[in-house]
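First comes the structure, then the notes that go with it.
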Amino acid sequence: MSSPSKALPAWIDVGLIPLINILLAFIVSGIVIFIIGEDPVEAVKIIVYGAFGNDYNLGYTLYYTTNFIFTGLAVAVAFHASLFNIGGEGQAYIGGLGVGLLCLALDQYFPFWIILPLAIAASGLFGAAWAYIPAYLQAYRGSHIVITTIMFNFIAFSLMNYLLVNILIEPGQMSPESRDFAEVAHIPTMQQAAAWFGIEMSNTPLNMSIFLALLSCVFVWLFMWHTRWGYAIRMLGFNENAANYSGINTQRLIVGTMCLSGVLAGFVGINEIMGVHHRVLLDFTAGAGFTGIAVALMGRNHPVGIIIASLLFGALFQGGAELSFEIPTIQVEMVKAIQGLVILFCGALAYMARPTVERIFIAMIANKAVAGEQANG
Amino acid sequence: MGGQSAPPPSIEPAIELKAISKSFGPVKANQNVDLKVLPGTIHGIIGENGAGKSTLMSILYGFYEADSGEILINGQKRKIHSSRDAISFGIGMVHQHFMLVETFTVLENVMLGAEGAPLLNKSSQSAREELLKLSKEYSLAVDPDAMTGDLPVGLQQRVEILKALYRGAEILILDEPTGVLTPQETDQLFKILDILRSRGVSIILITHKLQEIMAITDRVSVMRAGTMVSERETAETNKNELAELMVGRKVLLEVDKTDANPSEILLEAKNLSYSEDGVKKLDDVSLTLKAGEIVGIAGVSGNGQTELLAALSGICPLQTGSIKIGSVKIDSDNPKTPKEFRDLSVGHVPEDRHRMGMVTAFNAQESAIMGFHDDAAYNGKFLMDNKAVEQHCVRLMKDYDVRPEDPKLKSANFSGGNQQKLVLAREMDRHPKVLLVGQPTRGVDIGAIEYIHKNLIAMRDAGSAILVVSVELEEIMSLSDRILVMFEGRIVGEVDAKEADARQLGLLMGNAGAQTEAASSENNSNNIHSEEIPA
Amino acid sequence: EDIKPAVVFDMGGKFDKSFNEGVYNGVEKFSKETGIKYREFEVTNPSQREQAIRKMAQRGADPIVGVGFAQGPAIEKVAKEYPDVRFTIIDSVVDLPNVQSVVFKEHEGSFLVGVLAAMASENQKVGFIGGMDIPLIRKFACGYAQGAKYAVGSAEVYSNMTGTTPSAWNDPSKGSELAKSQFDKGADVIFAAAGGTGIGVYQAAKDAGKYAIGVDSNQNHLQPGTMLTSMTKGVDVAAYNAFKDAMDGTWKPGLHALGLAENGVDWALDDNNKSLITDAMKAKVKEARDGIVSGSISVHDFTSDNSCPAL
Amino acid sequence: MYLLLLSTLDSTLRVSAPLVLCAMAGIFSERSGIIDISLEGKLLGSAFAAAVVAFETGSAFLGLGAAIVTSILMGLLHGFACITHRGNQVVSGLAINILASGLTVTLGGAWYGKGGQTETLSGDARFSPITFPGAEALVDVPVIGPLYIELISGHNLLVYIAFLAVPVTWWVLYKTRFGLRLRAVGENPQAVDTAGISVTFLRYRSVIIAGILCGIAGAYLSTGQNAAFGKEMSAGQGYIALAAMIFGKWKPVPGLLACMLFGFLDAMAVRLQGVELPGIGEIPVQFMQALPYVLTVILLAGFIGKAVAPKAIGRPYVKER
């Protein structure tokens, strides 16, 4: 063991170091909480219990997780083609519009099993449509996708605002919201689904959409690493010249990849509109599209990583809400700051602890070796 | 040149490396390497790809830090933590992969890090003067205001040398400097090195070309697998001995081939022209490739070879002219994609393996199916058959001696020679009717060169038409049956390989009499146009 | 009676310079007076509304005040699950036996400040700046325009909306630009119903030496001297009363529509603006008020038919 | 009509001033290879610091100083994560934005009890408009008079600093040694390293400069354009500045023009709200609000060529490959 090995055992890299990072984040947050005169240990307990403590809390955590998986996958897919899709928010918003329009149009006439696949298609299609224009402009006109997707987020908000206030609003209503969908256009909640199997569960927004999210993960994994299209996307992302050389139509691929990204973001609409709210409303995305960027990057653009990162963010959202509920002096903004710290330590400073851990690890191994030699000698 | 008698050993070495070791993770790139370079001499270092030459030089230049060992400069023990330290000790280095900012002008690149004053105005003025002076002194003409990225590699390398000269280096390290140069340029570089040597500059030269070692160095060290295996006085050794020391076995230095017997025409290009941003890159190029022959394209890099390969492989769409492959005619009205070219049995080994030939972030098996990833052999209905891909890659690695034989290893982690073999394997394994090969052996050690040449000839003998583009005149001459010379996008001459000699080709490449430097600078269309040179 | 009151603020938070803040002021006042602590929660995304309200109910809170029209559906759902808990919803109507719905006739209050604006205007041009184009804000705008035209027949009313994203309610810079653009068109009194964005409007008025009108609570103190008045909406009183009545046992479910007659909406007069309000203005606004209360002036409510004849 | 144009342009200057500062900040950071999504957070954080210090000390200049220091510290945090620890630059930027948005309101709430809103500034605690000499005299001169009074004169100091930042940025970038190295390190850090220059130190200096510029922009928001800090008052301007910077191809002057274009479209959209078009009638307000974004997309697609980012952007510099 003379050479300092750069390769640490996997359990350290994917287990111990992230754990240290979370711990660091909580220590710093704890200091802040301590300063305002609350008990940091108590606060952490509340966050953890609030996120995972019982089926009710877990339900909310997983409900957020569902959204983040969708948007995280959306960002990741685009990233593999080295496209930075900041437009997840707008695509999710418009995806929800698609679901809403479809449900409003069909919920009087068709049963659930017809509406559901159509709604999934609608959410994807609308999300893809919203990604299509920036993608087209990037591929054929060289417009930078970061700008166009930022712009399309704003345009999505304006469009939705217009439609809700002027067209979709239920007459005589104060809220700019559509009418409620009929029961047939509701995705069963996890509570209902569990009841089919005789399991009792709390009522939370968690619904069957989470399976769509998990399916999407499997799909993205298969697609990116086990199909020729995914192969082409990754090649395009790594090296555009090589993609050209390989006979890939890069322009079409850019458009295709962004559309797939839009489809995934659009699925947020399924979870939110058909799964939870059962009507079209303002701001239902609540920043999930932006959170997806952090989720994708922290999950290293891999579905497994994205599931883990989504769970972390879901837990932060839910546990954070519980924290501000249980300890009134900790306001939502304080929770937000804690979320920022966790992202900082677990995401941006993810490699900070590594050299130290590495040193300790190597020293330990060296000690063992010395000890072994002494024992032998 | 060369052969300058070495100073007596009592003189303090300009550089002395003692027991240098450096590991990258499990890889021991350098192990207890010793090296002495006497002042005012040129010291050659040779070794296979991955032997550790660049690593050693990077340590000397402060780019990496050695795990252990000592560096003495002019007898003084020195710690070199960064390139800054190295520069302050008078060391200059021309890196194997150029350290140039492509969006900068030549002047800016030369100045970078040696600007003098905080404001550019003054310093760029004096730098410009200094640069012009240096250019004159060493006949290294280059336009200080040219955008570096637009320059052909040969000129980019001049910039690298000028950078080192500008800093007044006392010790100059050149890592494979001649890989991209024409014989004329190489001669010129060696003239410069000669002048520098006579001024007392100590030079370390890394190269894979043994004739260069023989031509210019005073001493030569041989590295193998991270260690220094032997050292020779250049005058007292020969190419064959060096090759053997390097590879550890006998190497055939000459290409061994029979006469070609070309048969039917497989590819015919007529009047190809191509311009980009108003600059004519290809100018009315016509050529034919016949089954069973190797056609070589000689020329200073940047004279349209890249575009020719791109046009013949479908990467850049045809603007004017046509290509006929078998019975299929391709022109701007009937364009074909690179994929369709491949389907017409055209294989293509690009000039730059990192830019185009492979994806360094892919593992070997992924790089091994580039361009063929749509093939039914690797795909199910939806999913890719990764097992089949892996088996394919393993077979390629076996058949073409790619080492290490690990299909999961990242492409970037193969040495240049093995990367090249992998790309060649991918393209040759399909037995294309037409094979386009750009720079088949750039940066590749002699063992691998031997292997690659053997395979190309075997393919020719099996009835393929092969087009080889290389800046390596020797390679072109020994490999080809017919040689075309390109200059400024045109084919300016055709020579039978058996009758070709380096001087004559060199003249053609520089467009008969026109100075090479003039030739490589853009837009000098009032040169003498010699369409046909009498043999 | 021992009560465990709770309040759930909506997105925008309890310091939104708008109705959430009004509710906050009301419940704070209650808490100070009685020493009774209340539970609170600020929702940050739509699905938390139901979660928070239910959680309050689970923890035995009673009464529970929900703020804003967006909480209507959530209250409706949870109120059914907890029929013994008393709920008060502000700005929306939920028809359940354990829900008290408090709505305001914002158009009436806006009418009065419209009257004042038109009379204070030298150019007979007045402006309105809303946060987002939603029915509630249009209701403000429409009442305001009617008031302005009632006072000065030839008055022109400019109306602008800030944006369509959530930041439309927190964008003072944009508010200030909108105000300046209306000043450029000749407006010299601007009524802002735009949450935190309004702060920028008031500042711009101050900087330009023009008048601005506050909203929801009495904001006259923010820029004394250039705040012409504020259109107060008694959310603070409503929230206060919800708690107080529950404590006293006088809490009643059902619809409470608070207009001028009920003192639910009004215009603010205090030391900060008394020098700006002339007697003629006072008289005219009193006339309008009396007319509305008596029914002789009917102020069109935008939300009744989603249209505004005056704008 | 002329006056309307003037007022639109006037508004353009005010609106684009913080964008320009942030865009120049972005240029410094990104030309050195560090993606700077944290413009938004720095803007917000420094606006808060400026408002607090200006209120407590009564001096706008001390507020400005505090804003700059705060913003630099945030930049250093970004640098610590991305340069020293090779963290993901986008994640770090997002984290800083979220942190800023949470901390400003938390601290503001703790100190002033108004949920992040700070006390209103007046007098010297605020940067007030500067009237240029001769403005009075030109009042009656047609065309030039209004132009001078409305457009040129009468802005606060920070607006002038913002527009001065552009030539200064240009000068630093293209006319100084530091600028040369900075541009080089964003393209090819290895070349810089082998030229004997520290990549790390160079990048740190760039994020510090970005911090200074963002700090000025933040101070402008809370002590110039407005007279207090309000929660989330940056309202996405950092992202718009980022877009403008890319629009301007990471170059100062095109960046300036892009910011002014945004500002102009915004000012125009504000003035077009509620305008009736003959034949069509009143355009929905949402359409007008989306107009700047729609036009930007159209302009981008129609006239602006491909923007090529600095080559090494987003990639932490690792010597040993």
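Read from first to last, the chains carry the letters A, B, C and D; within each, the first residue is number 1.
Everything below uses one rule, namely that a contact is a pair of C-beta atoms (placed from the backbone, for glycine too) under 8 Å apart; a residue touches a chain by one contact, two chains touch by 3 or more.
This one's a predicted model, so the numbers in the text were calculated from it and none came from an experiment.
> Considering only chains that satisfy the touch condition with chain B, which of them also satisfy it with chain C?
A chain counts here if it touches both chain B and chain C, which gives A, D.
> Please report how many Å separate the Cα centroid of chain B from that of chain D, as a whole number.
Roughly 46 Å separates the two chain centres.
> So how far apart, in whole Å, are chain A and chain C when each is placed at the average of its C-alpha atoms?
Centre separation, chain A to chain C: 36 Å.
> When the centre of a chain is set as the mean of its C-alpha atoms, what distance in Å lies between chain C and chain D?
34
> Would you give the residues of chain D that are in contact with at least 2 other chains, written as numbers and ranges?
Touching at least two other chains: 109, 116, 231, 286, 289-290.
> List, in ascending order, every residue of chain B touching at least 2 other chains.
In chain B, residues 24 touch at least two other chains, as defined above.
> Residues touching two or more other chains, restricted to chain A: which are they?
Within chain A, residues 154, 158, 161-162, 165, 331 contact more than one other chain.
> For this structure, give each pair of chains that are touching.
The list of touching pairs comes to A-B, A-C, A-D, B-D, C-D.
> Could you please specify the touching residues of chain B with respect to chain D in the complex?
That would be residues 24, 61, 63-64, 82-88, 93, 95, 99-104, 108-109, 111-121, 123, 163, 412 of chain B.
> Residue numbers of chain A touching chain D in their complex, please.
Per the touch definition, chain A meets chain D at residues 36, 84, 133-134, 137, 141-144, 146-148, 150-152, 154-155, 158-159, 161-162, 165-166, 290, 293-294, 297-298, 331, 333-341, 343-344, 347-352.
> Where on chain D does chain C make contact in their complex?
Touching chain C from chain D are residues 3-4, 7, 11, 14-15, 18, 109, 114-117, 120, 221, 225-228, 230-233, 235-237, 266-267, 270-271, 273-274, 285-286, 289-290.
> So in the complex, which bits of chain C are touching chain D?
These residues of chain C touch chain D: 13-17, 21, 133, 158-161, 163-165, 167, 170-174, 176-178, 180-181, 184, 196, 199-200, 203, 206, 222-223.
> Help me check something: in the complex, which residues belonging to chain A touch chain B?
Of all residues in chain A, those touching chain B are 3-7, 222, 226-228, 230-232, 234-235, 238-239, 241-242, 244-249.
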